[in-house]
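There are two complexes below, and they share chain A, which is joined by chain B in the first and by chain C in the second.
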Partner chain A sequence: MSKDKLFGLIDLDWRFEITKFKPIRALFKSRWFPLLLIIANLFIFVVILVAGLMGGYSAGNYNFGIMLVWILWWVMLMLVLVPVFSRFWCTMCPFPVFSDWFQRGKLFGVRLGKLEGLNLRWPKKFRNMWIMNIGFLVTTFFSGFFTVRPLATFILLGGIILLAFIIGLVFEKRNFCLYVCPVSGFQGLYSQFAASEIRRIDPEVCAKHPVKTCFTGNEDGYGCPWMLTPFNFEKNTYCGMCLECFKSCPHDNMAFNLRPPGVDLLIDTKKSPKGLDEAYKAFIMLGIAIMFYTAFQGPWGGFKDMVRATTAKGYFTYVAMHASFNLLILPGIFLFFSWLSKLFSKSQEVTLKRIFINFAYTLIPLGLGIWIGFSLGIIMPNGSYLLHIISDPFAWGWNIFGTANLPWTPVFTGLMGYLQGVTLIVFYLFSLNYGNRIAKQLFPDPDQARRAWMPILTFLTLITFIFLWLFLG
Partner chain B sequence: MKKNETIAVGLMIAATILTVIGIFAIEKFRLAKFYTLNLTARAPENGNWYPQEFTLPYGQKVNLRIRNIETVTHGFAIPDLKVAVSEIKAGQVKSVQFTPDKKGTFPFMCTVWCSENHMQMRGKITVE
Partner chain C sequence: MKKLIIYTSIIIATVFFILLVQYGSKHSHGVPVEIKKAKTVLLEIPYLDSSVDLDKGIDLSFWDTRPATKVDFFYQIMVFPWPKATVPYVNIKTFHNKSDIYFYLEWPDDSEDSSLAIGAFTDSSAILFPIGEIKQTSSLMMGFLGKANIWHWKAIQNNEYWLNKKDETKVYVDFYYPFEEKELFPVSKDEAKSAVNDLMAIRVGTITPKPKQIVSGRGIYDKGLWKVVFKRTLKAEDETIDAKFSESKMLCAFAAWDGSKGDRGGRKSISDWVELKLK
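And then the complex of A and B:
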């Protein structure tokens, strides 16, 4: 067992295997799971799409599509799914179901041999997060519409499903999920902090199994649709938790583990190196959180008008500000602190680029904490709309569950700022803890590591203070 | 295995095509009980009521569905027919059922001060 403990409390090597319980393993091995979850989710998304189309241009606060996607789904992703269950959303995501069906020719069974479609390989230079980074950033240019206009949400979700299908026709397996899906990118990034993982159990078992069925597939399950090698992958980033490896492993050597949050942040190996694409994803997510908070929950009405395109000039100014803040200003400020880090360390061996990239991973816990805080700011004032829209999903005067006439009721909004503040501080502490470890990984000399860490610690503290000010006003 | 595949495809069709058909079939069945008219509420500078003039059948039960597509609150009243909806909040849809018991042309209007042009947020309803 490792002696390295998170906050001196939890051994970083601690794992609790949930799949050691037979009913859970049986569930994971069943071909009905996650298929039934996906179909149930597809049903909900069909209702969302119909509600989005019917809701058209109207204000979205009583629209099922807007409320379910931006109030419930987004908040569930940030509050529970990603921090606790890693990419479990991808397990049940209905977006790629049509391309899977087309490629496999089957929904339930396993097709052996070549899949349908052109099966092209994804271009090597795009096997990273850059498309998702830019795609997600561009999507947020329209956030002032998606979150308030049902038709915009319909176009966004319909577009994603269509794009997933088209990419599935042309490229092999789940390349859409791996390299294009805007939801996938930030889940991949923040799932490194998640408190769960899928990993092989015993490396010896895999070593003695010459046919890697988790990668090649067999009659019980497909070879990893995410094109990973489940027998030796090291971090959550690109594991879509489709559970095919549980089905295709004849030795039941795959496990779903609970673990200390954030252990993937320390992974920096030849197989899974820290990369500039992931570093930029961390900046983009942090930058978007700052922009979103100021636009949607801050008191600056003029900025809100710009985001909502009250005037074309204001809107394009916002787009230019938003893009340059995320792609240039925020990374630029961090580059300055990284340069200070190099300067203070007096190290000749560690490059500025490596310092910049590796320390950018300290933004993952803090960024996730900020998004959780932002999500609390969404669900606590607006959650009661959900009771209305489940009864009247299309605003046609239905009252399915008798809750259609419940008034809007904010919940514990007086405590909201404090909850946001506490959340932020907890995740800041995680950032500090992992940042300190990353510094020691980068600089084997403890004095160099300590000196190099100081500017990054200052940056993280500044960001935390800015958000504490925003949250607590 | 083949049976499971058939069940999976059946569930898939139910979740997609049948869901869409079901939604519209339920609504059509529900509306068959009334003469239904959809009315969109917008401040005058954004287009005013739509439609601004419409006709209702005399003596038949009417379901008027008023959709406020804006981010301000509107109200609705046809004083001559004693019909009113006090508050239609931003984004809300309110339905009001009544039976027109007078023939003629009557004004209807917004009853909540919604903009500088609130007083012009009016329309005409003809009962015949």
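And then the complex of A and C:
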């Protein structure tokens, strides 16, 4: 055990292996898992798509597609799945199921040898988060439509499934998930903070296993579809938790661990360096959270009208504002604080770019906390609509579970601002804790690290105060 | 061959998706409904040396001798898909005697709904007369764009005023567009001083009782039909807020609410413009 403890309480090297329990390991090794989850999820998404396509004359809050995707799914992602279970959504995601099927020629068993499709390699210059960054940002240009127009949600989800299929036909394995899927990008970023991980258990076992079936595959499981090397990967960002490595490892040397949240934020190695693409993802997620909160939960009706394209001029002004805020203004402000950091540190060795990139990772816990707060602001007032739509998914007057006529019932909305505020402060403290550590990694001299940390601490505190003001008004 | 299969698959998937989106854009609001604009109805208001004393009733034996003009209803357009009217049509009879003007409205309704409660709504009918410049080509949402005088007869008020059947309900719920069906608001109920409310509006959402109520009316429910008579002096007291009748053509529109089918507030069946001509 290391003596480095998070908040002086939890050893950063602490792990609790859930797969040490035989039934769980057996489940992870079964080819039925997560296939059955994916099939069940696929059914739900078919209903979502049909509701988006033709169940849409009801208002957004009475549409199955809109409510399931933007109220339940999004909130579950931000509240539970990502912070606790890392990329467990990817485990059950139905989006790439058709391309997987095409490539493998089978849904259940393992196809040995070359997969179907053109199997092209993904271009090297795009092996990063930039496509996902821009794709996700562009998607949010239309956020004012997704939540009120069922067809817009259909086009978005259907478009993602189509793109996943096409990319799966042309490029090898899960390149769509790795480098294109807009949902994948922010999950990858925030999964670095997650309280769980998949890792190898004993490096010696892997070292003595020359074949590396977790990468190449065998008759029990495919080689990592995400093209990672499960025997030595270091952080969650690009692990889609497909569980193939559990199946293909003959030595049961893979583990699903609980861990202290955020330990990946300290990873900065040659194999897994901190990158500008991930830094920008952190800015974009923070910027979108600010824009979304002001548009959808703030009191500024004029801005909401712009987002919903009440006028073309207003809408394009919003798009320009939103894009420039996320890509230029917010990173620009952070660059200024990074420059101050370099100035205060008086260090010649550490470049401004490295300071900018590495400290941007301090925005991951804070950003996730902000999104959790935003999600509370979605589910607490609107969650009761879910009971309505599960009984009448296509707005055809059904009442399957007898809940179709339940009235809208906000839950504990009087406490909402306080819950959001407490959440924000907790995640702010995580940001400070990891920020301090990142400063010490960047600047081996403790005095330099302390001085360099001060401007970033100020920036994080400013952002926290802005959101406390927004949440508590 | 392999490439051909792959490219064909991509093209098929893409075309299928585009076709779905195209279908969705046409059907996402429900099955498309074609609304045919009905031919404008001309309603002549003849002179008759006669009168109807509403204190004694609506004098069905007199109205039975008068010819009727049928006006089709369509449903108040609120959300897609536009549903069919809950009240399909109204038969109208009318005359004036140089002193008063009368409108007789008769429409089918399966049930008499003349009380209010939580989730129960009254039957009613109304006539709208635009005042001044007419800015809309259709009667869509009565009084939507311009000034209007509206005569609104309500079954519950009819019971209270003429039959002295006091409804014990002091509060009822109403529906206000564009809120959802389940989001209803309690409304306090006034004591009826007439069976007809003489209302004015200058645009949508501005409907309000006129300072002086000059329209009277009375109705009966008879064998699945509502039969209602509206009566007012032919000459307008205040031409800025009262319907003005003259020998030149003017417009009006009719509406009816079926309480048992959930009609209330903006939910109603309405006619398109009807041309009136005083003879």
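Before moving on, here are some points about what is shown:
Simple rule for what comes next: the second predicted complex is superposed on the first by the 469 of 473 C-alpha atoms of A that agree within 3 Å, B and C clash if a C-alpha of one lies under 4 Å from a C-alpha of the other, contacts with A are read in each partner's own complex, and residues count from 1 in each chain.
Criterion: a contact is a pair of C-beta atoms (placed from the backbone, for glycine too) under 8 Å apart; a residue touches a chain by one contact, two chains touch by 3 or more.
These numbers were taken from a predicted model, which means no experiment stands behind them.
Taken together in the superposed arrangement on chain A, chain B and chain C clash. In the superposition on chain A, contact is made by A:Leu169 with chain C only, not with chain B. Once the two complexes are laid over each other on the shared chain, residue contacts for A:Ile425 go to neither chain B nor chain C. Of the two partner chains placed by superposition, A:Val138 touches none, neither chain B nor chain C. Within the superposed three-chain model, A:Gly52 lies in touch with chain C and out of touch with chain B [touch as defined at top].
Residue contacts after overlaying the shared chain place A:Tyr62 against chain B and chain C alike.
By the touch criterion stated above, A:Gly109 is placed in contact with chain B alone, chain C being left untouched.
When the two complexes are overlaid on their common chain A, residue A:Ile39 makes contact with chain B while staying clear of chain C. Once the two complexes are laid over each other on the shared chain, residue contacts for A:Ile155 go to chain C alone; chain B is not touched. Only one of the chain B stretches 9-17, 27-35 or 45-53 carries C-alpha atoms that clash with chain C in the superposed arrangement, namely 45-53. Counting contacts as defined above, chain A residues 56-59, 61-62, 408 meet chain B in one complex and chain C in the other. Interface residues of chain A facing chain B in the complex, by the touch rule stated above, are 31-32, 35-36, 39-40, 42-43, 46-47, 50, 56-63, 97, 101, 106-109, 148, 392, 394-398, 408. On the side of chain C, the complex with chain A involves touching residues 2-3, 6, 9-10, 13-14, 17, 20-21, 23-25, 27-30, 79-81, 180, 182-183.
The part of chain B that touches chain A in the complex is made up of residues 1, 4-5, 7-9, 11-12, 14-16, 19-20, 23, 27, 30, 63, 65, 67-71, 89-95.
In the complex of the two chains, the chain A residues touching chain C come out as 52-54, 56-59, 61-62, 102, 117-118, 149-151, 154-155, 158-159, 162, 165-166, 169-170, 405, 407-408.
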